[in-house]
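Following this line, the structures themselves.
Okay, so subunit A shows up in both of these, paired with subunit B first and subunit C after.
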Partner chain A sequence: MNGTNLLDIRDLRVSPRGMTETAILRGVTFSVAPGETLAVVGESGCGKSMASLAVMGLLPPGLERRSGDILFRGEPLPVDDNTAMRKVRGRRIGMVFQEPMAALNPVYTIGHQVAEVILEHEDISAAEARLRVVELLREVGLPSPDRIIDEYPHRLSGGQRQRVVIAMALACKPDLLIADEPTTALDVTVQAQIMRLLKRAQNELGIAIILITHNLGLVAQMADRVVVMYAGHKVEEASVQTLFASPQHPYTQGLLRATPRPGRRRAGGKPLEEIPGMVPAITDPPSGCRFRPRCPRATRECETVHPAVRQVGDTIVACHHPGRLEAVQ
Partner chain B sequence: MPRLVAISRTIFSNWTLALGVLLLLAIILMALSAPYVFPGDPYDMVAPALTWPGTMPEVPLGTDSLGRDIAAGIFHGARVSLMVGFIAVCFALVIGILVGSLAGYYGGWVDDVLMRVTELFQTIPQFMLAIVIIAVLGTSIEAVVMSLGIVSWPTVARLVRSEFLILRERAFVHSCLVIGMSDLRIIFTQILPNALSSITVMSSVLMATAILMESALSFLGFGDPNVITWGTMIGMGRGQIRDAWYIIAIPGAALLITALALNLVGEGLNDALNPRLRKREV
Partner chain C sequence: MSYLGKRLVHVVLTVLGIAIINFFLLQLAPGDAADVLAGEAGTADPEYLANLRREFGLDQPMLHQLWAFLQRLFMFDFGYSYRHNMPVSTLIFERIPATLILVGSSIAMALVFGILLGVVAARTAGRLPDKLISLASLLFYATPPFWIGLMMIVVFSVKLGWTPTGGMSDIISNKTGLAYVLDVMRHLALPAITQAVFYLAIYTRLVRAGMLEVLSLEYIRVARAKGISENRIAYHHALRNAIFPLITVAGTNLGAFLGGAVLTETVFSWPGVGRLMFDAMFQRDLNLLLSILVLSSIFVVLVNLAVDLLYALINPTVELR
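What follows is the complex of A and B.
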């Protein structure tokens, strides 16, 4: 299967420089096939964004990749070589961030900024680039693109700006798009439009998407496969149907129960359940399984040994006691 | 053209800026017209010594103790003052922006090294350092410009660094990284334009300081003896301060107005460019 994957991350470990004990990613493995949508979910601070930044070779200063390979089309990505990575960023892998308000440079026009991506990677004239930009702005559904191209970012709404950001990410027709919480900062109706836009771009261009989010509704609607992360570990991976139908890891089950679903209102109007406790600090992880202090199924075994990743049915899960919990449904 | 109209509208809707710009334009006009209004050397004797202003139509601002026309000195002095101030600030901006942007963008050891060097310059009193540099290079106008530039750049470097520290964390910088832009392009084409408004404001104030410092150097006799400056005139008039105070007062007033004009421009630009105070155009 490895031969056909677009992106393979194998046993990726990231830690603060000079601190061998603490780690932000503790051996994360997943892969993305061409054209598929992989959702990476988990609470804040569990390492979702770090994994994507590691792929781009853009880990914040002070963090380093301690081990693990990142393969793109079967070839190792030169993530430690900034010059080589610059050819990959934008060209092969595009990225969309959470904050469309701040993602555009306030002193340049929309057209200038989108054209910059194209001119950075392709040897074409500014006039040709401008035509491409108008076309791109039309494709991402912006009204009257030939007018908007000369506008400054502060004249656009949040949703429009996120469309511009997506246009920038798609400008060079990348193979992979990493969308890091692309809709968190937008209101709900705009969210749906942006997600439809991403889906359409995916169908037309055949790009693969890594969708980093904590919105499970979005996952159900968009993703083909889901990776659930907790405290720097991958705790569960399954196809989206399997994951929602029979989550194996107690953390995944907790996440699902904490998600409001229309039409599934419990009798007696019980409040939405939550997972007790908080994600442990990376400097002070619990012994054994990282989820143990919050887990209803924790046993003596969980205190000593961190569970290895294993296959249970169609699901890959890292838990000593996987399986459906009677109380889930 | 509509851009020009928009710019002049911004200027004139703000009286501090308008006054500053008008005063500054008047001084620039004076400097430009000096060789036509007062042809010949301003060091030449043209009238009896110590003629009070307003007593002889040929020398409306009077003459000094050697019979030199004060009005000619003021006009020619404006050339030197403005030129010295402008070139010294350009010099300070080039070094300051380079040091500040690299330190602010890269951080870490680059920042440490560059900032220690900057502090080295800041710990030495500016005026003393300027005198020492002139003492080494000799009293020429180039040496004065160079010394003023060298004492001014640390302030620019500090400001640019602080702007870069804030701006480099902004999401648009991450977007540029993500599209594969090189660091130098990000520094100079993405972040620097965003820092330009504070740099502009600072340069006008810096220029006023440089002009004042040049006058002080000339007053003390560290200026170029071949060119007349307002500071030289004040220095040469100080012997007559009790009986012919106008010799000092007139170049002093010129200096005051120039420094005031530049500070008004700086203040006005700050108001006009500060996004928090600016009303959003609709």
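What follows is the complex of A and C.
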């Protein structure tokens, strides 16, 4: 939004190759300031992962960026130029993925794979890189780093492997870390450890984090700001306090009703409610507002006119009838 | 017992089984060496035949013959070939280098080019190079090797005169050193290519499929997110994993390569064990034939063991038990 942003995504549109009608991202705009944590939330299939892969220039072969700029420190990222992007990936932007069990190459040792990213981007010897790797493994909380460095991935647990992936992502001290559901595949206690690790790394390195998740509990603990996505659109954006205190979009309100919240009364609290219905198929989106078939507040207008993004108080929201809802309080 | 110990017991039992089965199979064939020798001598005199049979032990009960055969086998004594008037072991061991050169170079060719073409095809999947490679491998897969061999003789030897039509080296010019090596290579080219193309086609398809599968895996995306180059991703990250099924299949193909050598060596008059076996078959030199069969089965079983060990060595997720 202004010149001091680390990352600006402007009106990003992504479609399957050769299909002009359907789209996976339909004009998504958001920014990340240096050092902040931006949470991106929404149900599965809303386009969160594709948005982050578009930033890395790593969209799957079947998808392409139709339009929209991605600026890094005010400069357009050369996302269509693989060679140029290689200098960004792993060095300026690190990425952590959802499936730690599948994220490491089974035939190479942990040390080899972490050192690889350092040797790719920095002009240092293999011996120096190894020392750095031992240090990194210690920092991400792996036990006996000088032993585990020579282990193969299959000897590590899911949580340990995710720590290794985080070590790879942080190895070159990037400015931005994109964490795409980093704890979804892990059990709850390990989740909390990994989140603490990310928070600590952020404080020490001053990096910004995009945390993609559908766990609003994590959002409340981790994020400064939140972007809510639905069916390829950003439907709401606000600071984490504003979003939890007064969610404007019916979808956000639905998500909050479906989530146990730390700050919320336990006893006597309303039972959790799922949002009825499902995310529409990208090939067959409803007319007007994409959320209309599931929205308790839908009107005639919602059927014909797609709601534009606008500012309501401290919140950016795309809805014809935004506002507080009794049941959300 | 250690893994290796168990495997070696397995090897011995397999070889024993193969020896016994081959022995009985050959007993089923009509006629024996005595018939052939007598036929060539132009006589059917029963006394002469009986003499021959006694001399070869062919008059003994079948189980006696089997027992004697296994005892000799155990001591690596393969007996005597009356057809060639030479100990069988000398006969076979003389021919082994030629066959090893032929089979070894054709396997190497099939592997190296199969891997290269498979990787290129996978990396250009759906585009022109992939389509050309896939078409070519389909053609080679579907064409009988002996026909490819004959056509290559027609084109390269007869029409173009680039290569000799057969044999392993020039008999007339007595070359030595490097000149000899080059001469053998010139003779080797056609038979080795003939042997290789079918497997080259299989390996290309295998590597292409394996690469496509591995390239879609999460750790490849992770490697890309580290800024690794596409070349390194293909050869260092993907191929290293896509190669495992190839090793397994190539290991089990070894027996087929030896079988193929019978045909190739005959077409190109390559002086190897395959040719020897072919002749032994027609001359009903059953002892020689049986020895070749048993020896090559020992070879195949041992190489399969070596391939399994190699597999475990390069695949850290496999632990030998």
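In the analysis below, the second predicted complex is superposed on the first by the 317 of 329 C-alpha atoms of A that agree within 3 Å, B and C clash if a C-alpha of one lies under 4 Å from a C-alpha of the other, contacts with A are read in each partner's own complex, and residues count from 1 in each chain.
Please note the rule applied: a contact is a pair of C-beta atoms (placed from the backbone, for glycine too) under 8 Å apart; a residue touches a chain by one contact, two chains touch by 3 or more.
Because the structure is a prediction, the values reported are computed rather than measured.
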Next item on the list: Have a look at subunit B and subunit C on subunit A after the superposition and call it: clash or fit.
Entry: clash
Next item on the list: For A:Y152, select first, second, both or neither according to whether it touches subunit B, subunit C, the two together, or no partner.
Entry: second
Next item on the list: Considering only touches as defined above, state whether A:M168 meets subunit B (first), subunit C (second), both or neither.
Entry: both
Next item on the list: Considering only the touch criterion stated at the top, classify A:S144 as touching first (subunit B), second (subunit C), both, or neither.
Entry: neither
Margin query: Is A:S67 touching anything from subunit B or subunit C once the two structures are fitted on A? First, second, both or neither.
Written below: neither
Next item on the list: May I ask you to decide whether A:S287 touches subunit B, subunit C, both, or neither, giving the answer as first, second, both or neither?
Entry: neither
Notebook entry, point to check: Touching A:G90 in the superposition: subunit B (first), subunit C (second), both, neither?
Noted result: both
Margin query: Identify the residues of subunit A that lie in both the subunit B contact region and the subunit C contact region.
Written below: 56, 58, 82, 85-91, 94-95, 97, 99, 102-108, 116-117, 120-121, 154, 165, 168-169
Item checked: Complex interface listing, subunit A residues touching subunit C -> 56, 58, 82, 85-91, 94-95, 97, 99, 102-108, 116-117, 120-121, 152, 154, 165, 168-169
Next item on the list: Under the touch definition given earlier, write down the residues of subunit B that touch subunit A in their complex.
Entry: 107-108, 170-172, 174-183, 190, 193-194, 196, 280
Note to self: Show me the residue ranges of subunit C that touch subunit A in the complex, using the header's touch definition.
What the structure shows: 217-219, 221-230, 237, 240-241, 314-317
Check: Which residues of subunit A touch subunit B in their complex?
Finding: 56, 58, 61, 82, 85-91, 94-95, 97, 99, 101-108, 116-117, 120-121, 154, 165, 168-169, 171
